[in-house]
């Protein structure tokens, strides 16, 4: 099985805690040891937010902010690479061919952001598209997709399973409203939809959740089934 | 004034007609001669569709199709560069820094697509963001933004002016329905919204329409006013 | 055996017909399945001619025309790569080291043009030189090398076998006369001569002809034997 | 005058405070406004230390740690670039030619680290060498060069002026002793010596100190005079 | 006037004599001072021959030999760049766009070889094509084009003027015979012919000869007039 | 075992003698045949000195001189690559990731210099660091490390074994005195010290000495033992 895992920066390295990164590396290694080809896309998290906040105060435009975000995702990706101790590509891939080439070489293929205007959620979907991945896992801070913002609405109901088109439908209004936060970026949802990628959105606080979802199809998040 | 013009491939080179490309080059030159810094993003058009159609039959995945599209946009961009006769960058920019650098050198800055998963509509918006453009013009085959698909609904009404948030709202349902075609890509709309870029969507069949819109603010399309 | 096959753009994709590309991919796969290391250089064909014609009308110089040609060869190469379904390099090689590296990885190594002033015929010869290929096959629209232009001279006689030096001698006057078309570019012939590469020039309309020539040494074209 | 300023990461962005970065940008702008060509090399600071600490716990080797450091210097450089608001290169230079090219274009040329095994102190010296700079300023957390560690030895005496060879002599034993910290890296000192670059080492806590040193030769640090 | 000068390696640096290089730099500077845009392509000369000879003994193939030659041309180009003292590009251009960009910036644009299978003679012709040069000068060790090898045939007669097509005709048989040496490479002659570039072939032993030819049209070599 | 061998340019190619290069290639092959992963860093030697001398006369600065040196090390590296006949990377690695990637592919990984301001001695140490090499061998023209310059002081005593910190201590004063030459560059010594790399410094005149040191730990030079 070929799987791409998107790990939010806040999930991987909320405070650059080495134990957390080591635990994620171990989870990825177990997936690889089970015979999976594993790609990983790492987000920006707190350091990215700090840089972006400072730069915004300094008058940076959105593309400059994105470039800071991308730079930080690559630092986080280097942490995971270091923890994977020779099993991953030597440096984070900076594009889809480079990422796919690492998989071909039998390495865990780790990457961060690619270009301004494209979130790491979307990068993960495009990476999955480009290698015809069997599964795309979003390890986020939310446990799956809800019909409303679970932090704001006590009646929000989680979807157990949904189609990519439904995912787009649910994410659309969330992306319209700056206050609400979609569990998966709208562009990512649309890429999942166009390519029909089987996906899972789950709470990645415990890296074990990713292992269970990939190796046993067992998780408490949301399945996106084309 | 700094302006970025997005020219759809079908608008620039529906059939690789040199007269059409020359007319667009002349329009861009007039804008530049008036003192504007001009960036241009060129789309794929018919040749891109041909390559994508063939590759889809051959089993290419969506990222491979995007790569063919990007390659074609760069060929189209080279046609415009040739027609601009030394006033543009030597080869199409392949990223936002490279595109901005050409503007700094006083050249018309021409580019095509950048990366899989990002349309040339979105590239134009990100290019405009990155250089803090005063105006972003979409020269498309539709004359502005309508509340419904004007080809399908005789009662469709064109917006004369709208906010970026309204643009996102209008484009959202169109992007959900594969049959309808949004005049501007959803991701582009969201980038316009986040950066608050003043934009115009107009019928680019006649390149004069772009000149009039840029130099005199005169057009029959839709203004997007942050 | 290590073989480099040069496929003219008009031979591979005269009209972007997917069946034609698929048939060539199947031929290359059979060669690879037989244990050969296979490199492929793809030409520009009709789309290249269209872009070059338009650009020439727009006043492009010869180097700009070559750049359009190179861009098109890479699009055609991407079609073949898509059809090879994971057996080829991920994107067309843009230089000789990159092309050789793909062979080393056990991939079919596909490339298009490299630089202005160098035809894909010459690229194929240099690729063959660089990897010490055992055989170089030109799959062209002419069935081998003749002592005169077979389209113009009914008495033109095909060479069954010739030395590289004879190939240069025959191609020289053809390259002098713009009207006649050499089956192989003069620079390519000179590269074949300097490196002593065993070559075959044959009619590539039927991809089977390439398979027969490579695997069984059986063809009706011209052998170039150092 | 052509000047290269090395700003320690802890000096520029001890806590990513935008006011601090803005003040440094303003200082650099005043230097440039006075007619100086200005290059700036930015260090890593606290964020670099955080990443390096985490990666060291994860078992990263020294080159991997250097790569994290380089990545962080480039993020810090982007902050300064944003604050310089269009007067600097678009993205941090990654090598000496790129850095020199920005100066030639009349931009403030900002860069971070270049390669593992080379500190930003050394990068600043090599940058100064490569553009034949008239002056190299180290804005550090120490106010010049002392004959002993001023934090440890109350009798440490500051050098008012010294030769590059003396700088090497003074820095040598400090670099031998892991506990002491040299105000300027030994490799940097050796590059200053080989090229005979006039340099100043000063306390960069107040960016005004750099302006005074460059424009009026007025500072309380150490002059290194070849 | 825009001029490209091809300086053979043996002409520029037969023995790495700094005076010779300095004299050539001074000649190029005088051409530039007169208002010309000047591009320079530098050959390999004796050092290239040494490396190639050694590598041939070691079993290197022709492409590997070309790569050694290209590397050496770039070292020679760096010598000329150093002698031009800031008036040239910072490092030798490695392709035609890069070379043309240096001219646009108002620099003397120096380059060496580009790719295996393409001599520096041909590089000079392609560079001239790419920038629509008014004049292309080959500063060689032969004083123009003769109807036979002047070293072998006492009756060899120099052409005072000839067309590009005639140049191709004359060079053709020389390129066939390994013993004879053409004053200009056959591929270069063909590029001159296709683009109709006005050219001069002259004895470059004295750099003054290039200055006289460019600024006053005065030389004792051969004019190639389209 | 993973080993990095630094071969001085004067040791590998004092006069571009193919037999010398072939003997070194054979030595490296024997090391690889014994199961070692082998990286090689090649220095500049006589050709580098010639170019640097000429460029210095022409007024080149130290960074320009370094660039000539780096270019020459890569030519020398290509000679070794040619002699290794397909067992090495296709072209010299230009950075540490590229060098490490070649080792991962099972190739002998050959490189020259990387960046101005960093000697090939230091490159070898950083390469060794980056791949966690078990052994780093300096094949120099001196037979190990002495407590004084053995060419100047008849009482100079060779160290049989020393710690990395002692190596730094011994090299420090040598690097201060331009007349004396350290067997290993000071920056290299410091990198060896920071990473604790087991190293050997030996007389590389006879390539067999390297084989014996690597495969049998048998040599007459100096062991550096962390």
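In this document, chain identifiers A, B, C, D, E and F correspond to the written order of the chains, with residue numbering beginning at 1 in each.
Rule of thumb we're sticking to: a residue touches a chain if its C-beta (ideal position, glycine included) is under 8 Å from a C-beta of that chain, and two chains touch if they have at least 3 such contacts.
As the structure is a prediction and not an experimental result, all values here were calculated from the model.
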item: Minimum number of chain-to-chain contact steps, chain A to chain E; value: 2
item: If a chain touches chain A and chain F alike, it appears here; value: C, D
item: Equivalent interface positions on chain A and chain D, same or different at half; value: same
item: Far-end chain from chain A, centres as C-alpha averages; value: E
item: Rigid-body rotation angle, chain D and chain B, from Cα fit (steps of 5°); value: 120
item: Averaged-CA centre spacing for the pair chain F and chain D, given as whole angstrom; value: 30
item: Whole-Å separation of chain centres (CA-atom averages), chain B against chain E; value: 43
item: Separation of chain B from chain F, taking each centre as the mean of its C-alpha atoms, in whole Å; value: 54
item: Sites on chain C at which at least two other chains make contact; value: 64, 91, 105
item: All chain pairs that touch each other; value: A-B, A-C, A-D, A-F, B-C, B-D, B-E, C-E, C-F, D-E, D-F, E-F
item: Residues on chain E engaged by chain C in the complex (per definition of touch); value: 61-64, 95-96, 114-118, 122-123, 125-126, 129-130, 132, 165, 168-169, 172, 175-176, 186-187, 190-191, 194-195
item: Complex contacts: residues of chain C adjacent to chain F; value: 97, 100-101, 104-105
item: Contact set on chain F toward chain C in their complex; value: 90-91, 105
item: Partner chain E, residues of chain F touching it in the complex; value: 13, 16-18, 21-22, 25, 47, 50-51, 53-55, 57-60, 64, 67-68, 71-72, 74-75, 78-79, 81-83, 85, 91
